[in-house]
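Heads up, there are several structures right after this.
Heads up, the next two complexes both have chain A, just with different partners, chain B and then chain C.
And then the complex of A and B:
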């Protein structure tokens, strides 16, 4: 193994490979910053252009791009509450309030270091896990996927501060929206209400852009001023404090990274779930859960670490079995095929050096992309001080075009507007928006897995509790549902005792 | 006349949102019965669970002792109308309705313009007119910003990413 790793390192540390790694990182940072344009689109556009390159240069470009996209996406999440991609949405929760308090540098610094460490932990876990990866992937069947999706939804509802019931309602409505379009069980279309554009379902990018960017911009437009309410210094000091914060809260960093790797390794679940699970597990573990959502730096560290760590996890089923866990990995497999690497268990046997090369480039880009990103912190943080009357039309224009560009469908711009209005009304009437996004992400997986599980069990619901991992996930769901009520009960008892 | 109107608007604000959710759920439930059993199984399950949850939400908005119990354990941060809410992400002070409508109107106009004339003419027109009318910025500065954004979009999408930008219903 050491010989192969050294061969891979020798091939990656050439001028040409490093040049393509840098190009990949710069593309990744730019694409990550553009709302709605995730790593999948970037890989799909730039992957085929690597045909003439040697495999190491091509994988350097792909690795650089994949490692940098998530940090690029977190920049807009923190500065303007506009996630570059769905997995960056969790970073908005505390990153944007920090930017509003004039601490954008702190949040970006923490995001950069958490992304780097998370990325490195993810790929090192991948190295350790590759020999036993088959067992991990095969341990998850349809019942586990269904319960994992349910756990994701329930956890998010349970963690909505003081609004569990409303969060569950929004999550349920989100699930109904997720059923719009192509029916995975029967093959027809459902709930399209005669609108042809909805045949493919509700695309995530326009929905997310609408739900997150639109309401903030409407509020900013109506209030005037700038994003940063406290126009304190947003300089290098704050950024370095942010970098240090990730290490100060090392438990949060480690927890986020491990959740990211683990969830990333499960096909079909993806970075969004990883980031939100990391965020909400940090809220649950915190002694001060009510500070989250108002600018708690741990709320930036956990999802950022998970978001970058998931890349390493995603590669486990992709490289070991040729099962792409996400759309991004499916495109990566396409790039690998372009360079003569056949997906499946034999890939590791026949192309070990190239795979280690990819792992190395991912590690390098996780670190270097954050360093490059940090160098741009000062000009990027100035966005939060821009006059609302310049920022609002610019962000609306760029984000709506981002909503269109994902599928090149003009109807997606209308969808972004509709979801924007929905998002604004949810805020206006005190309902959380996040469960809607999570339900849109998980709805299809939940329904498909439920149908498969019921088919396997012959219609018996016992399948959800008889398998060991299922039973564990079921217990976690029950805990997540009852924990907020138990906490309220304990708090009441405590306050009654204090009064008496 | 003003007192009954006020109480009606308070009632509408209090019970309106769950009733809208209920209406959406009922639409999905009714539509689901038009599909084969396998296709409607999960949507119906979600739909009926939602009806229970919405009923609890409505109950939590009443001043009854059961409503208070539900609110205490499932929605402690949401108060009855007139009771101050806690500050935070979803509970901040909002601008006036007229300003909100105006802000939404600008985005609606932009969306309509994109659909009719396409992205490249609509973007600079929207950005410049918003900056001039709403922001009272100078015409020269507004046009410069608007042109820069249009150029950025054209370079990023059409040139670098090879994604043709929508030309609008008039020119497609």
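And then the complex of A and C:
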């Protein structure tokens, strides 16, 4: 393995490969910042342009792009409460309140260091588990997918401390939206109202753009002023403190990274679950859970670390069986095929050096993207000081373009608008918006896996507890639901004892 | 203002200008529609052939692969169907994937494959039956002899994998139960390896890779001559008609394409598929290309229409 890794390193550390790595990263950062445009879209556009290049340059471009997109997405989450992609949504929870308090620099700094450390931990874990990668992938079947999705949905409750009921209501509405479109198990389409555009379900990007960008901009234009409430206090100097914060809260960083790697390893679950689980577990482990959602820096570190660590984990299904773990990986595999690499379970046997090259570029790019990102923090944080009459039209215009750009469908702009109205109503009546996103991301997986698990077990519910991993996940769900309650009870008893 | 007017006039002029004569074809970029998301097999074929096809066209223009993934491919197909018949919009079609909705009579289907101008074929993949390596079942007869339904993994009921499983198990007399809803061929083959089901009926190239990596055993191929050593072929299984089950990748343009334009496209495509560069790519990537001309594409389409019309009761609920 070492000699293959060295060959790969030799091929990656050439002028040309590093040049393409940088180009990929710059594209990734820009694409990540534009709402609606994710790594999938960018890889689909730029991947085929690599046809004339040697495979390592192509891999460098793709790896650089993938590594940088998630940091780009975090930037908008923190600055304007607009997640670049669904996995970035968890970062909004505490990142945006920080920006409102004028601490955008601190949040961006923490985001940068947490994502690069997360990325590196993800890759190292990946290297360690390569020998058992096949076992990991095969250990997760429909019953585990269902329980994982449920665990993700349970985190809905954690999204809005003190407003659990409201979070659940919004989550329920989200699930209703998630069931629109093709019924993958039984065939046919559902709840489409005869609109062909809804056959494929509610596309995530326009829904998120609507939910997050519009309401914020309506609020901002109504109030006037800028995102940072007190312009004088916008701390652009906090960046280094932010970078340092990730190391100060090293437990949070480590927990987020490991959760990210683990969830990334399971094909089809993806970064959104990883980021939210990391956030949720951080809230639960904290001594002051009520400080989250109001600008706790740990609430930025955990999901950011998880989000980048999952890129390493994502490669596990790819290395084991040559199958993509996410849509992004599917496009990446498509790029590899153009360069004569054969996807499928034999890929790691035939193209070992290229695969290690890809791992290396991913690591490099998650570190370098953060460095480049840090250099841009100062101008970026200025966004929070822009006056509403400049910021609002720009963000709305970019958002509409983003909603359309994803699939070039005019219907998506209409959807973005519809979700904009829903999002505004939710804020107006003080309901949290994130549960809707989580439900939209996980609803289909939960439903499909549940139906499959029941078909496999012949209708017996025991499948959710008799398989060891299922049992473990089940226990985690029970714990996640009861732990906050138990803790409150214990605290109450404790304080009663103190009083007496 | 004057500048704006001038620009507008130019735009209108460009739109209304007469279509370039067929002899000059192609005079501008050609859009190659891929009705699925980037990253899949169909996407790969188009993206691999595009730069080679550019070299074989009489005039140098770009081939622009465009993914239009929506409504299970129906939107992309409709886009090609409705395009101006000038040769600047062509598409790749999954046959029978795009054909099944038409036979099933899906509502709002805005294309008719029988009317399209068929230009060529990248070839067809056969189907076969696979079981996990450690499975006790050695032949299709073993599956047939079971006194319980055999669990097969497949994608949703509207998919061709599902129809293929229904049709094949019926022909072979296997009692079946289908665990459906997997996202694609890699997914349902992996599902059977994981133990979600007993066996899988899927495209041979996908299964062969899992055979090479040691996870899967192919116990029967739906070919007239089995390409897998030790596996029974369709004739040995007593059902030669099984060889009609396949996945074809055909290229077509809109209906009523002028014959000269169709000829140029078809011949250039054939030349591109036969180009040594394509052969090198095919060898390196392990993705087979069997170049077929316009007539062979049309023949494949008609054969598939006849076959699936006969088995229309297995095609799942209409959408």
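By definition in this document, the second predicted complex is superposed on the first by the 478 of 500 C-alpha atoms of A that agree within 3 Å, B and C clash if a C-alpha of one lies under 4 Å from a C-alpha of the other, contacts with A are read in each partner's own complex, and residues count from 1 in each chain.
We take it that contacts are C-beta pairs under 8 Å (C-beta built on N, C-alpha and C of every residue); 3 or more make two chains touch, one makes a residue touch a chain.
Since this is a predicted model, take the numbers as computed values, not measurements.
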Clash or fit (per the criteria above) of chain B with chain C on chain A: fit
Tell me the contact category for A:4 with respect to chain B and chain C: first, second, both or neither. neither
With the two complexes superposed on chain A, say which partner A:165 touches: chain B (first), chain C (second), both, or neither. first
A:452 contacts which: chain B (first), chain C (second), both, neither? second
Going by the contact rule set out at the top, does A:23 touch chain B (first), chain C (second), both, or neither? neither
I'd like to know which partner A:430 touches here: chain B for first, chain C for second, both or neither. first
Check the residue A:481 against both partner chains and state whether it touches chain B (first), chain C (second), both, or neither. neither
Could you say whether A:367 touches chain B, chain C, both of them, or neither, answering first, second, both or neither? neither
In the overlay, answer first, second, both or neither for which of chain B and chain C A:219 touches. first
Counting only touches as set out at the top, which of chain B and chain C does A:188 meet: first, second, both, neither? both
Counting residues of chain A touched by each of chain B and chain C, the higher count belongs to B
In the superposition described above, what is the shortest C-alpha distance between chain B and chain C in Å? Please give a whole number. 10
Set of chain A residues, in rising order, touched by both chain B and chain C: 183, 185-186, 188, 408, 451
Over in the complex, which chain A residues touch chain B? Could you list them? 30, 34, 37, 41, 45, 93, 97, 161-166, 168-169, 172-173, 175-176, 179, 183, 185-186, 188, 190-191, 193, 214, 217-219, 221-223, 293-294, 387-390, 392-394, 396-398, 400-401, 404-405, 408, 410, 413-414, 417, 420-421, 424-433, 446-447, 450-451, 484-485, 488-489, 492
If we count contacts the way the header does, which residues on chain C are in touch with chain A in the complex? 37-40, 43-44, 47-48, 50-51, 65, 67-72, 74-75, 108, 151, 155-158, 162, 177, 179-183, 186-187, 190-191, 193-197, 206, 209-210, 212-213, 215, 280-281, 284-287, 316-319
If you look only at chain A, which of its residues touch chain C in the complex? 40, 43-44, 47-48, 51-52, 137-138, 141-142, 182-189, 194, 196-197, 199-200, 268, 321-324, 327, 330-334, 337-338, 340-342, 344-346, 349, 407-409, 448, 451-452, 455-456
In their shared complex, at which residues does chain B touch chain A? 13, 16-18, 21, 24-25, 28, 31-32, 35-36, 38-39, 41-43, 46-47, 49-50, 53-54, 56-57, 60, 70, 72-78, 85-91, 94-96, 99-100, 102-104, 106-108, 110-111, 114-115, 119, 123, 126-127, 130-131, 134-137, 145, 149, 152-153, 156-157, 161-166
